[in-house]
Each structure stands twice: as structure tokens, then as C-alpha cells.
């Protein structure tokens, strides 16, 4: 039994990624930062692949600025998540880009770099870990949990040992589809904690199966030291469990989280108000759908898939596609359905269903995956698939994918000139110029505080159906008329 | 009474959230007053006072207890704005005004013919309408004989004491 | 007793009424620690009841049929603003079984009797039948509704004239016609049917013997569904046009034996009907023959409930709310004791000089009486409007004394202290009424006020 269980807040990253299509903007976050600092979190997760990408493509915000602003305003240490060698996208980048990314993040104030590889091929995170350490950050290396015949406790214990060898400061169990059950946790967690040999272990699990809060209880009992949570209005369903629920369970076990509930309640209320004002959904516990354990599609993806299918008038074929996803997964050697492979597998499933013939069309990424282009597979793909893809055993590559990549920075520096900043270089490595040019600066000065009254007024102003609102408080009267 | 309410602690985000949730859940009502932790809020929404939801099975009015006004399904009274109308009356006309504040009914009962119509000849003392106040019906009469030249109010309209109702021009 | 779903404790009460009774309900809820919601019409926007609630919503324009009678909007308001119970007050929807059922169907606790009891006792003919079944004497009359004037004539012939024609769906003193001779019966019958249909939507009529020199005495009932108690009687004979003006308890003309008999009969009837919550069984007492008859039952809190509260010390509205939330009556009938004497008078915004014409308007100055034994129930303050859309009640002034003389002396004093400016009131008229020799003697009957007025005019 652990005596301390620190909470890692994902409200500013994973939570809205799952529930709000990643659309939380920096101005929505800054007013509540000082209140978030009062809650007593161990770490605050502020960056992740989808967040970086959505900021540039849709919000027109400079992601480095958000990192810098948040880290400078928060005393609680912040962590950022990358997809290992793929960083914030689905391509693979050479080591020099990965190293520069670590340097830039550290310079902006990030304290912990969290990395994972979608295939649990730990070779793909080596350069991230090394460069993060060199830049002065700690590293949280994640094991991605999946359910399959090959992903047994021994498999995860072995991967844990590989992470130890990399000198990770933290080891996390990441369960993006909420498939961890209490039953499985009871054997898996001790195996991982034992293999971690003293390195603190963290638990990051989503709520699709509704067991997540209870899985955290098992984690506490097994000596795991940190749990990832979100505030209530952005918790549950496809997101992570509510900090309130996990803290309740800790208190029931006599485990200390360091959370101040009244501060947490205020921060929670702020985000609930934000949801109401912006017309965004609030997280609700959802009952477990047993099919989840078959298709295993991550929460963040299902809503995207639904809207894409709806746009193609194919919304009714969702169940069929999810079933086919399970089959494709088996055929491809049990890739874990986390980005980027979740997208590839689901795309293949959609193609299989729409075309009426399995593997009639195989996207390049799927082929590349089967050829080992992303890393070592957990198991061999099926013979049927390999035949349809016309891949023979000796075609499969076993080298570290990034090893083949040429350094990209020299070319970029030449293109952009010597005066280009590191941050600009990195953006150019990831995006077309048009996206970079479209980025807007954040409002200055940023709104760094707010009050309940101000949030009420902002809500009232946002309502188009209100003709008139009159607010009386503390001797003052404020009238808003539409 | 907005004297110190028992829970007048400092306003918190949770208090505001509760108010916002109430505002959202009562979106079909056009006017709302809420109070919490020392904050008072009054809202008016655009649109008619009665929500668009039709009465499901409109219950019959209470038969007992306080005398209820009749079930006259008169049309909605027009907007309560008083028009600052300049009354043009023919010379020698007399204007029948409301002897009290209340609701005007132009007919003895719903569906019946109105007491008077424009162009109609009336005798001195003839009833021109009813004004209903606190469930009591009060007959209003023309003082002089003549011809009804204008009826200035609609059935079911709320009128003030002294408000012009009917103009009667001399024969 | 009829089995009902287990009551849940209440957390927030919606007051589905206005004026002084709404204020009364807010007060009871405050004492019980229950927050309240007020629904209001546009005319009541600045009313005291709205100020007493911390959640209030406008449900329509001034007309009752567009606001306080809109049960559907009231239920929606309760659901939107987090109320789990509704108190209907008196009038409006308080005796509307459909509304009570709508509340229950919507998951709201209706603070009052079961819908079936409301339906049964709201139908005057069925109520008389229930009273008869429960062994309570009923005014001699038709046992059901009358099919036509001929049927009416047949019953009237048996009863003997004068008789009174009453609307089955009527109440509160409306829809009644006295017939003194057989020759007038057919004409009155047709008119009664026509009026009943126009006023209540139902033209059914029944006939009773018309008794004179009688007193109107009502018994207050309180039941939690198992324990049924009566809280004594109120004499409400002082009426003008069947509207009560002055009420008192105990009734000065009731013998202890009669009081006991009436109380027991009322309890028995309430039990027979499966009654729960507060209710009033109105009777006619004929002092000449020392008998009482069931007249009707009001399945709600009554305007004059403060009279009983003063002599028994029982807070009837609080008990209604407690019972609705599953509370039990802990007292037994023997524990219900009356002390002293209480008299209530209703002060209306009417001008006795102009035939009691309603006198709405703005109250420019208002001073309520105080001192020992005086209770004032009102919803008005200086500066507030008396609106013309509802009833004309300004305030109820209740005086309690150790005996009737002291209560009367206090009431007289209180009426003298009362000051209302801006609207005409009946205060002066009431003061003279209670000062009349007949009232001081306690010799009131249902024609007493009329006789008093004729006397005054002469």
C-alpha cells in the first residue's frame, strides 16, 4: 500500500482532447492557473500530440507560447507528452529534431517530458529520453496497455525493465481506451511495480469501461505512486476519472494525495462554467459497452469517427466498422489502438467495410507498419493479410526506424536562414509555411485571474437569448442589455 | 426580502455554476429571478412571456375556494404599452371612460355578440362593455344617446382608471 | 387508507400561489429550513412572495388562466428550478385533481391530499354521497344531480320550500340560487344551469333544503394518512354574498356535545375518504333544532386557518409540509387542546360606500396593528400595488384573547390602529360589524351581515 498518491492533472490537455475535440484555448486556461496551483497536484500535464497539432491547425496559437506561459505561471511542475520519435505528428523525425524539441521545451520551463511509443518499441523513445535528460528535464516513460494474447503481464514486466535501462525517472501505465479492469490490475500492477525496482510508477487510464476509479484503488494498494485525473466537468466517459473520485478513494484507504478539496471544487466549477459558456459537453460516466473490449478504439477517436461518418452519410455503419476494427487488429499482430496506429487500423477497417472486400486497398501507412517501418510489432501479422499485402518475411525490417533518417536541421536552417529561432525551425519541420504564417500572438497581457462574478458576467454576455440581465452584488448593480 | 440571507458567504465559482445551471434549465421561461450567497440576478429573455409549449392537458380552473374569474378563453390582450394616442373626436362626442382599473370585456360572455360595434346606435344608459376587477363584473354604460364612432379597446385588454373606451358621437 | 408511494423528504418547495397565502407558505418553509421557489405572473413581479424566495420565475401575464392556472408551466418551473414539491395554497389549482396528478406523474410531491380525494370531494354530489356513507348528516336534498326542472320540482316538493339550487362543480359561495316558491322553480333551474355552465364549465345542479337562521361551522381536519385529527371548529357565519368576512373559534353557540359529535363525524368522513394533509369540512348548524349537516369539504388549506392556529397552537401549514415529506403526526386527539378564543377579520380593498366595488391602486401608507394577541397575515407594504387581477384581500387580522370578550376587545383595538391609505378598505365596515350588538352577543347566522347592512342603511 502506498501512503502517498500524487495526482497528475490532465484537464488542460488529455481531458479536452477527449471531450472537446481539443478545442480549449490558452485564454480559457490562463485565468484559472493560480487557482489550479492551489489544488495540490503533483504535476500538471499541459502538452500532448493532438494539442500541439490542433493549436497550430485550428486555434492558430503558437504551441511554444502556451507552454511558456503556463510553465511561467504555474508553480506546480508541468509535463508534456510526445509520441516518441513522432513527436506531435504521425511521421517519424530524425534524432536532431527530437533533441531540439527537448531543448526548446526545457527552455520554455517544462519540467517533465512524457513519452510513449505506440508499439511499445522502446528503441523509439531512446533519443527523446536522452535529449530530455540532457536538457535538464525528467522523463516519464509510458507503457501502452493493450488487451491481447501477447500482451500478458510478462510482456509488460519486460518492457518495464527496458525503460529502467533507459533511466526513466517515472514509468507510467497508459491505458487510452479504458480497458484496464480491476481483475487485470491486480496482477499487472504488482508485476510492473516489481519490475520497476523502485522507480515511481504512474497510472493513466481512461473511463470507457467505468472501472477506472476502482483501478486507481488497486493502484494505491499495489504501490503505484501517481494517478492521472481531470476535474469533474471534464472527466469520465472517454476522458480520465475525476480527481474528486480518485481523491475520495484515497481518503477511504487512508492514502494522502495532497489535494485541497475546496480549491479543487472551485477549479471544477470554473471549468463547468466554461463548458456552459462555450457550449461544450461535460463529461458523464458512461456504462461499459462490452464491445469496447473487442474493438478497443480509443475514446478520442470515436467521436471524430462518428462525425466523419455522419458527413459521409454513413453514421449507421459505425458498429460494423468497429467490429471490423477488431478483426484488422488481430490480422495485424495486435497493434495497440493508440495514435497513430488507431487511425491506420480504423481507416483500414472503414476501407474494408466500404469496399466490401477485405484488404482490397491497403494504405501505405498500414503497409509500412507491417514492414516494421514504425518499429517492432508485438506479434506477427496474419498470413492472410501478408499475402494480400504481398509482404514476404525477408521484406520486414528490424532496424530502428529513426536510424535511417537523415538529420533535418541543417536543411531547415539553410531554408529559413541563420536568424530563425529554434522554435521556428521546429514548426517548419512539422508544418507547411502557410500554417506558421497564420499563427496569431496570444492576447497581451494575458488574463491571469478571474472572479466568480466576472465568470457569471461573461456567461451572461455569451447568451444571445438574453434581452436584459441585472446583477446585484456587494452593493453594486451591473446591467447588461442585449 | 433582500435583507442578509442566511447563506451570504463570499460568492464562489460553485455558487455561480449553480446559478448558471438554473438559468440553463429554465431556458423556456422569459423572466427569472435568482439569489445565492449575496448575489441577486434578474433576467429577461427575448420573446413572449408564455413559453411556446402548448398547455398539455390544460386543467380546468378550480371550482372552489376563492372565486375564480370565468373560463372565458378570450384572446391574449395586446401588448401592455399605452399608446400615447391623440384622440380625435367628432365635435360634441362624448367619450366613455373606464370607471376603474380592470379588464375590459366587450361581450356578455365569450362567443356572444359584443355590446356595441362602431356605427351602432345606442340609447342613454345603454351598456357598452364590462370591466372586470377582482372577479367582479362591472357594467359600463353610455351616458348619452348617439352613434358609436370608435371602440378604442380590445376584448380582454387591461385598462387604467379613466382610460377612454368608446367614443359616441351625437346623432 | 389508500396506499400511496412512500413520501420522500422534501428539499425545495415551489409556491404555486400568490398574495398572502404565498407569504404564509414561504414563512412555514423558512421555519422548516426549506428553500422555496416562487412562480409569478407579470403583475406580481414586485410582490413580497417573490422577494421571499431565492428562486423565482415569471410564468405568464397577469391573467390567472395564463399564469397561476397553468399547471403545465408550474410543473416545468419546478423541474427547471430544482423544486421537488409544490404547495398550491388555496384557490387556483389547489382543488384541481388533474394538477395533483400531473405533479405526481412528474415526480413532484403535491402538498395536499391524494388526487382521488380531491376529485371525490370536489364533486359536490359525490361528496354528499360520501358523507352519507360515513354516517354524517347531509342537508336534505337531491342525492344526485337533477336531470331537469321536473326532477328538481319533485325533490323540492318533498323538501318543502324554500330550497336552494347549487352547482355541482361550484363552491366558494358561487353558483347558488334560492327558490321560494314552486312557480319560480323552472325559471331558476334553467338560469342556474346556464350560470353554472358559464362559470364552472359544468351545468350540473342539485337541490337542498334552504335553511335560515343557520350558522356556518366548519371543522379543521389534519391527517398524515394514518392518524386523522380534528383541530376544532370555526364559525364562519358572518358572510356577505357568501364570501366570509369574519371567522372565529370556538363557535359561541356550540354545545360541548355538539362539538364532540361534529368533530368525530368529520374525522370519520375524512378517514372514509382516505384523506391526508389539511382539509376543512363545512357544515350547517341549525341552532333551533340543534342539528348539523354536512355541506361540503374543502380539500385544501383555508383562508381562515390562522383562527385555528391561534387557539390550538398548531402550525397547520408546517404540518402540511411535514406530512407531505413523510412526517407523522405525533399528537393524539386528546392532545389537541383549544385555549382562549380567536377572531379573524378579512380586510379587502373594496369600498363599502360604493357597494363594495373593488378599489385597486397603490398603497401610499400602511400601518398594521400590533400588541398582545394580534396576528396580521398580509403580503403588502407601503408603496406596493393592489393589483386588479385577483382577489381583493389586503390582510387578515386575527385577535386572540383568553375569552371571547378579550379577543373582541383586541380586534376592535387592532382595527382602530390599522391605517391604510391609497385604496379604500372594508376595515371601517368590519369594525362596525363586530361592534354590533348581535355580534357582541355571538348571535350570528348566515344572514347576519345582510341584516346588519339593512339596519345600517335604514
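Here the chain labels run A, B and C in written order, and each chain numbers its own residues starting at 1.
Simple rule for what comes next: a residue touches a chain if its C-beta (ideal position, glycine included) is under 8 Å from a C-beta of that chain, and two chains touch if they have at least 3 such contacts.
If you're wondering where the values come from, they're calculated on a predicted model, not measured in any experiment.
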Centrality ranking, top chain (CA atoms only): B
Result of counting contacting C-beta pairs for A-B and B-C, higher pair: B-C
Between subunit A and subunit C, centroid-to-centroid distance (C-alpha), Å: 66
Whole-Å gap separating subunit B and subunit C, where each centre is the average of the chain's CA atoms: 27
Rounded Å distance, subunit A centre to subunit B centre (Cα mean): 60
Overlap residues in subunit C, where contacts from two or more other chains coincide: none
Residue numbers on subunit B that touch subunit C, as the complex places them: 1-2, 5, 22, 25-26, 28-36, 49-51, 53, 55-71, 73, 76-77, 100-103, 109, 133-136, 138, 156, 158
Of subunit C, residues touching subunit B in the complex: 42, 45, 48, 50-66, 69-73, 76-77, 79-82, 90-96, 98-99, 102, 122, 167, 169-174, 198-202, 243, 296, 298, 300, 303, 349, 357-358, 360-361, 388-392
Parts of subunit B lying in touch with subunit A, wherever the complex brings them together: 11-17, 19-21, 23-24, 27, 38-47
Of all residues in subunit A, those that touch subunit B in their complex: 265-270, 272-273, 276, 451-453, 455-456, 459-460, 463, 465-474, 482
